[in-house]
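Structures are listed in the sections that come next.
What follows is a pair of complexes built around chain A, which joins chain B in one and chain C in the other.
Moving on, here comes the complex of A and B:
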């Protein structure tokens, strides 16, 4: 497939780097200000483009809008997640589908905040929308639900934010205060300079909203989610939990009725008590009991594999 | 899709019962001696057929061969796994593909023992062969490898036999001898009257051989596997392991180089130490680290969901 990639950060850059290995061609790669665009029947030189961007030079010599004029098969939307109107991500989806082409999202915004709008545009288009990379990084959550068929899935629960999980794991292991471990996480690059969405539960909630939308075929956005973050979990709560053979994880739950995210007590040695930045998802099914899938929930290459999985399924 | 189901035991019967819920029709259902076969454009009365079989009456009034004369889209091959020539399962696959129709296997024989033959027939046919249900029951192992693409998977390890796992779990928990726990497992229906293939590692090895064949695109059969079962694991070994924070599980490993199955020490609270009859699979990938998937590895409805997943992917 010919890929046009919007977003040249960790995810977009990794998709561009790995595309060839999966048998695909990159015909365009854009960040917010420039684009590297290939001539017809050509592909771009991904390595050079990324080297330029890494050296603070222009990624390419074209306007990002030119991406849509290339002869692409699949648009990979890997620009930063935005809320509410989910722009410019939503417009990218809209334009791609209007051109009867496919879009693979790593960006959570359009399918968390405007799910029904996206599906309506998809129905009018020859193109399809896929978004495995928006939930759980490398873990095949949405494709598993798709294979089970959503109607056979009753609920999805999970630890879906690696930053929050790392912090809680370290707090429990060392008895340290939240602020101290957050600073450690930032030093390690596990938490962003502005970690708000990770620690206040928004990131996990967006993923659960997407899951609820898949189960119920729409109806939810972030404002419908009941969300509590981890900023107020004191070390004493973790000690108390440990005395009872438990620990605390930021757990998200998605059903057809809604979404809840918050710190929960989980058995210390149970499946939900994943460590460090790992994520886990529990898919509750009607005929096959519970399926658990765990792995790396974030990271450039990890999320890129989810994008490329989706491209493969088109 | 119109399904023709060979095998009316736990798996075949469950596929027949659940087919309607997934939007499919059952046009034929056969055991080794009779078949219920629908008229053209009709489906069979699954409930009645299964009731008759359960009361030791004839499942249907037709010869099983008549199944192939119906207007089916997908043959579900759920007859007992056989080794070597893998008959009659292999002939069922052959006949279906010769008719340019699809086959979904729950039967491990054809893809463990004659993988290259199956793929060769598939290349000459308009029909496809899928076999998720042959490995890991409800756990989506093969579809996950397919989505990753096999070339991106370096190895697969797992606890793939629920009977052996149940026995080891109980031996560790209660300090009981193997023979005692085996008898308990048979009373509970977790082990068969003849449990040989489960306890001697053959069942796990067949699943790993299938995995190795997927990774390497053929080249392996059961005789290539290095297999040790659990019959000689003494309670003392489990006690010794526990003193070191470990336990013993029957672990299978599949790579492009081959297959090994045997009792292994694993961390007591680690992912591999699944309990009871649960299975777990660890998929080692090149770009996304390790993915773990666990769930129910056996059972009629559980395995049926894997069959119906495959039908959905056709």
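Moving on, here comes the complex of A and C:
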């Protein structure tokens, strides 16, 4: 497949780097202001484009808009997630499908906020939309649901945000205050300079909204989710939980009825009590009991793996 | 078997309502057996919920023999973790009907969680953590409203207030709820927490987690 990649951050850059290994060619790579675009029947030089981007030089000499004019098969949308109208991600999806080409999203915005619109555009197109990378990074959540058929899945629960999980794990282990552990997580590069989306539950909620949309074939956006973050969990609560063989995790729950995200008591040695930045997903099925999948829910190469497996499924 | 248990209990007058109506013969048999007699033993099944720690099963079985019960079989359901992360254990035992209440009470006194004894199902337990200005928002009022409005029995409470009672503190509550009423109780707890500006940390629902 010939890939055009929008977004040259950790995920987009890793997709570009790994594409060759998966048997694909990269014909365009763009950030919000510049693009490296290949000539007809050529590929771009990924290594030098990424080197230029890393040293703050121009990624390429083309306008990002030119990406859509290349001879690509799949657009990889790895620009940052935006809420509300989910732009510019949504327009990128719209334009790709209008050209009857496929789009693989790492961007959560379009499928969390405008799922029905995306599916309507897909129905009119010869191209299709896949978004495994938007939920749980490298963990195959959506493809597992697809394999079980969404109708046979009754609920999906999971620890879906590595930053929040890292903070709760450290707070429980060391008896430290939230603010202290957050600062430490920022030093380690586990938490962003602005960690709001991670710690207030928004990131986990977006993933659960996507899951609920897949289960119910649409109907949900972030506004429909009941979301509580971890900022107000004191060490005293974690201590009390531990005295009773439990711990606290930020857990997201998606069903056809709704989406809930909040700190929950879970058995200390149970499956949900993953530690550090690990994620876990429980898929509750009608006929096959509960399925669990655990792994790295974020990171460039990890998420790129999910993008490339989507490309392979097209 | 189950009727026998109920009739045995009726001698104490506490569990008479739970007894099956009508099996008066069994009741008569039960009342004939004084705790001291060794005859007329009946078989019973109790379901326990144990913490997965070494020695826990042994600890759970001690009160049975101490109160005159004779162990018949133990089914330790490893791999079938309850929603609270504990291991369900089914114990078959025999004892004289009049002693069965003592066996169950003995288990309870030893801190063993009895889920079901003979015919009687003891509902569910629910553990939650409340966080916030628990004392300033009148903790005892909160507890009595949990019993009154949420229809849940407060089995125990642990308060953790490292910065003093006028700062943010946490409380772990273990509640007894009627089987099948877990969601209703949680709903009542959520609105109480909302009203008092507290955070409610709920147990995760659903399956073996």
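Simple rule for what comes next: the second predicted complex is superposed on the first by the 314 of 314 C-alpha atoms of A that agree within 3 Å, B and C clash if a C-alpha of one lies under 4 Å from a C-alpha of the other, contacts with A are read in each partner's own complex, and residues count from 1 in each chain.
Here is the rule we use: contacts are C-beta pairs under 8 Å (C-beta built on N, C-alpha and C of every residue); 3 or more make two chains touch, one makes a residue touch a chain.
These numbers were taken from a predicted model, which means no experiment stands behind them.
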Which superposed partner A:271 touches (first chain B, second chain C, both, neither): both
First (chain B), second (chain C), both or neither touched by A:313: first
Partner chain(s) touched by A:290 [first = chain B, second = chain C, both, neither]: both
Partner chain(s) touched by A:144 [first = chain B, second = chain C, both, neither]: first
Partner chain(s) touched by A:262 [first = chain B, second = chain C, both, neither]: second
First (chain B), second (chain C), both or neither touched by A:251: second
Chain B versus chain C as contact partner of A:165, first or second or both or neither: neither
Which superposed partner A:302 touches (first chain B, second chain C, both, neither): first
Intersection of the chain A residues that touch chain B with those that touch chain C: 269, 271, 289-290
Chain A-facing residues of chain B, complex: 14, 18, 21-22, 137-140, 143-144, 147-149, 151-152, 269, 271, 285, 287-296, 299, 301-302, 304-306, 308-309, 312-313
Complex contact set, residues of chain C against chain A: 51-52, 81, 84-86, 127-129, 131-132, 158, 160-162, 168-172, 174, 199, 201-209
Of chain A, residues touching chain C in the complex: 155, 157, 228, 232-237, 239-241, 243-246, 248-249, 251, 253, 262-272, 282, 284, 289-290
